[in-house]
């Protein structure tokens, strides 16, 4: 049961020759698996820490959406810049965010990247090429239009990728930002992560469009849609868009179809979700299960090898947790500085 | 030479049976002619008054765009509500605005509808079903979504029509407003008046869309395009959209292709316009000339009859000018009241 | 009679007004099935149906603009914005369109825009104080209740008001503050402050959650023999000049306290009004205890440092009385 | 040396900075071929080309957001907004994103957002004063020059500043006010007020076009034997507390004048600061002469009534000195 049954997933990989993922090595595919597993395990640890009341603020889960975040960012180079959503943990990990940073953020520690000034995944690092999101949804689309405009103006061989939720496509910022980027031929990939809901609002109440990718024509940019729970399909569509951006062809709008299984945030009882919907997605369309099947089947990866990755991930999460829990809490003395580059008199 | 040669005008009237305008009587067609002529003559008078430095503030011309404003509003009933742009004088006249009101506004008189508080065509009257625009472009789309939402909620048999410029389609307000109206099945017709420019910005730099009507699919609403300088084609497309809205089928996006011949406003030297472009439109595609030819040709209206209309219009403009010029200037004592319904203590 | 919370008081007010007037309806993202970001509108969809509790796309410009349009036609929309930090998206619609509509075009906008503004632990956006910016806009009214009783009474007044009222709610008060509602049709007039505590030595003028810090400070000060009068403004636009003047003329010393940042916050305006109307009565400068001029950080230790706290208020009053 | 206008001074500053620093570029609707709504950027497209003078779609959110993004990457965008009334569309981007970026995420935003704010005969939108709302936002800087010299010098400082500077221009000053530019690299530091006229009896603190009304008033007052010192703030955020304090301690009387509306306007903040820092020096209350709290009407007779005029200033000073 896809989130919007009137919007069948087009098999984009089949259009136009060989899929980029066909060129991925066995190691690269196992790396994809690693990032997806790390995403899931790290979040599971956060759930546990949240149960122990150690997480400060709300926890946003990407359960069931790991493939779209990981697969699309895998198409980027280190010099490229990406802007994630609250649920794009996997994208940030691929771009170099570390588990201990994530844990320190969620535990609100002094040595977290934002030093306790911001919550959850709201942090970034230009050196590694990711910019943290902020609460007002849609705002990062214009900002990333500007980031990538600078790439074009300076003749740098870099591209940008920005995630937007299905909900955020209804914001003025999204509209103005993608249009601005399109007109200015900015090397920007706009990924609409359609996970079926914006808090309690199903995508069908967010837009009457048959599919959100139909918005592409209104901006005069190519639009592609992919099964967001198929990590290779995601990589393929993202890679093509990244290549186009790198070649000076401007913006692509990608819609990735996935499903938000764990609700909006901790407090959300999801009573508005039709019964059975979540279970069906969990049992029939889990991106990790699906990819594990592909790996053990088509790619003939022995179970033990996948198991070893799982164990490595577990160990990394363990180690990061220990570090983060030992981290100090922010000190009040840090609260008042750093608003301006040059503090005014 | 249409404003965007990659966007050929689809002959919408030919799609799907008989055009609504086929049902217009000879009198109704002459009425269309009357409104277009009145628009033009009234503006010509304003140009003259402006030359005499009697107009306060800038003059916005609709020269060459009279058909789209008049034709689309002719599809409305008196109980319907319309929101015009600075260049939609014809639309306001059809909805009941009078020449003397318009003149008093432009001359900044005390008995102008806005009593000197606002400029030019920024006035309205709910009783006659038009709401004046305001400076921030795009804002009237959400407002008209709300006006028409009230029609639906109260079960009233009324529809709304809102004009947006090609430039204003780039605003967040336009995007959020039309999407909101679509999702809520508001009985609203959104008319994009594509006159080729937003101040100095050609439509091709406003959007990469092949045609602005391509935005419709992104909102899941029907989109239609028409030759905005063919008043009957405009009426047809507007009438179909109005009928759909009245039948509970929600929003339609209409793109009317026309051309802004007299520049943005008085101060605009249009040096950015390719040479010859304006002349070509004036000589080959003047909406009044075109309609006069249709009337004298196909409709066999004698020249004298059209001439009589022209004379009637001239007399009305004359009379209105005399009245407006005799109107008093605003009195400072009116400046400070009427901000709240119930002035706070 | 049982006490209900600040949150329940707001819901009760909306509920009563919806029952009373069929033109009242609710507009906002996730207010229906989900009952709103903080469950303020919980249960109202079930009671009034989807044509009076309208879930919208995630579009603050459109929500506020559409409310204005419906209001022009005589309806009385009550808009929820998810966090009034996001009200910034609707600034143009509120300040340029709604606020000027009556003056400029004779269009009335009987509408309420509500949502949580203050709160703790939300970080730089969720709890950004936005009230001062809107108090500066002629044509808007702004209320910000501190008690459950006022939350109810002001909401009812706001819904009945023929102009646009911004109704700020403080997330930390939602569950923490309770009150017993007066019987009957409990309407608190817009534009009237309330003396929350009588006193003679100093006037502390405040609003919203800061009131409770001020009340704590006043108790502490009483132990030190300092009698503080506490004025809860309740309405921020229009300000109740008479009440401000009355308390300052009584005590000759004034402190203004708010959780909004200092520069350009409402305390400046209030200081100017006191100075204009009561200069000769003042025995000391008007002091301000406010948030520091920084974005509000998320971690509690940082946030506590940025926001004004009870000891800061006590200290400022001591300075004032010993001036 | 010949005098150039306020408008030409702004253009000259932008031109010099573009020539000096290849990272400086311009962004805005109609700034290229058309040279901007008031021709401030006229000729710069021809000189620097379309990759440094970028015409954009009609999208204030995107223009300001994109400027921030490019600024993060080390460029120095100078944004023109058509009328700073429309800056309201970018409120969220400025107040929530840009202002917090450094504090929250270590991202710098070396950018200028400029456009005409004040002006006469524009009606409720074109000349809506927006400065006070932004002065209230920690993380932004705000300048508003009154003279051609300051227009140039502050623009150069703004472009070189490593934070976001909102540069307000007054349309009526564009052509009316002229000045001879100091030779060389004329940079006026942000955060420093200027004594526009020395005096001893009263301090008139003001900014932007109101300065010229104040200067006229000071001349009239001189004829009456009243010596007014005039302080032109120039920068509104951060305010020059030292300069304000110095003039008030000198004259013991202060009047604040601005064309922005009264409630929540900057005069309240300045009054509070004077009251906090100079209470003992004050011989009279700080008075305010401001626009009335209404949207600005279009017709000149109405507008003149709403805005503060020279006689209002003279009258207020007379009240102050006879207090």
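Observations on the model:
All chains are identified by letter, namely A, B, C and D, in their written order; residue positions are counted from 1 within each chain.
Please note the rule applied: a contact is a pair of C-beta atoms (placed from the backbone, for glycine too) under 8 Å apart; a residue touches a chain by one contact, two chains touch by 3 or more.
Everything quoted here is computed from the prediction, not taken from an experiment.
Averaging C-alpha coordinates per chain and comparing to chain D, the farthest chain turns out to be A. Contact tally for A-D versus A-C: the pair with more C-beta pairs in contact is A-D.
Between the Cα centres of chain A and chain D there is a gap of 41 Å. Rounded to a whole number, the gap between the C-alpha centres of chain C and chain D is 30 angstrom. Each chain gets one centre point, the mean of its Cα atoms, and the points for chain B and chain D are 37 Å apart. Residue positions of chain C touching 2 or more other chains: 57, 59-62, 85-86, 88-89, 92, 96, 100, 103-104, 124-125, 138-139, 293-295, 297. Contact of a single residue of chain A with at least two other chains is seen at positions 114, 117-118, 122, 134-136, 170-173, 176, 179-180, 183, 205-207, 339. Residue ranges on chain B touching chain A, taken from their complex, read 170-176, 179-180, 182-183, 205-210, 212, 214-221, 250. Put simply, chain C touches chain B in their complex at residues 25, 51-52, 54, 56-57, 59-75, 77, 89, 92-93, 96-97, 100, 102-108, 110, 138-139, 141, 161-163, 190-191, 238, 240-242.
Those residues of chain B that touch chain D in the complex are listed here as 56-57, 108, 114, 116-119, 122, 134-137, 167-168, 170-173, 198-201, 205-207, 268, 271-272, 329-336, 339. By the touch rule above, chain A contacts chain D in their complex via residues 114, 117-118, 122-124, 126, 131-132, 134-136, 139, 141-151, 153-154, 172-173, 176-177, 179-181, 183-184, 338-342, 344-345. For chain D in complex with chain B, the residues that touch the partner chain are 29-30, 32-34, 37, 55, 57-62, 83, 85-86, 88-89, 121, 123-126, 292-295, 297-306.
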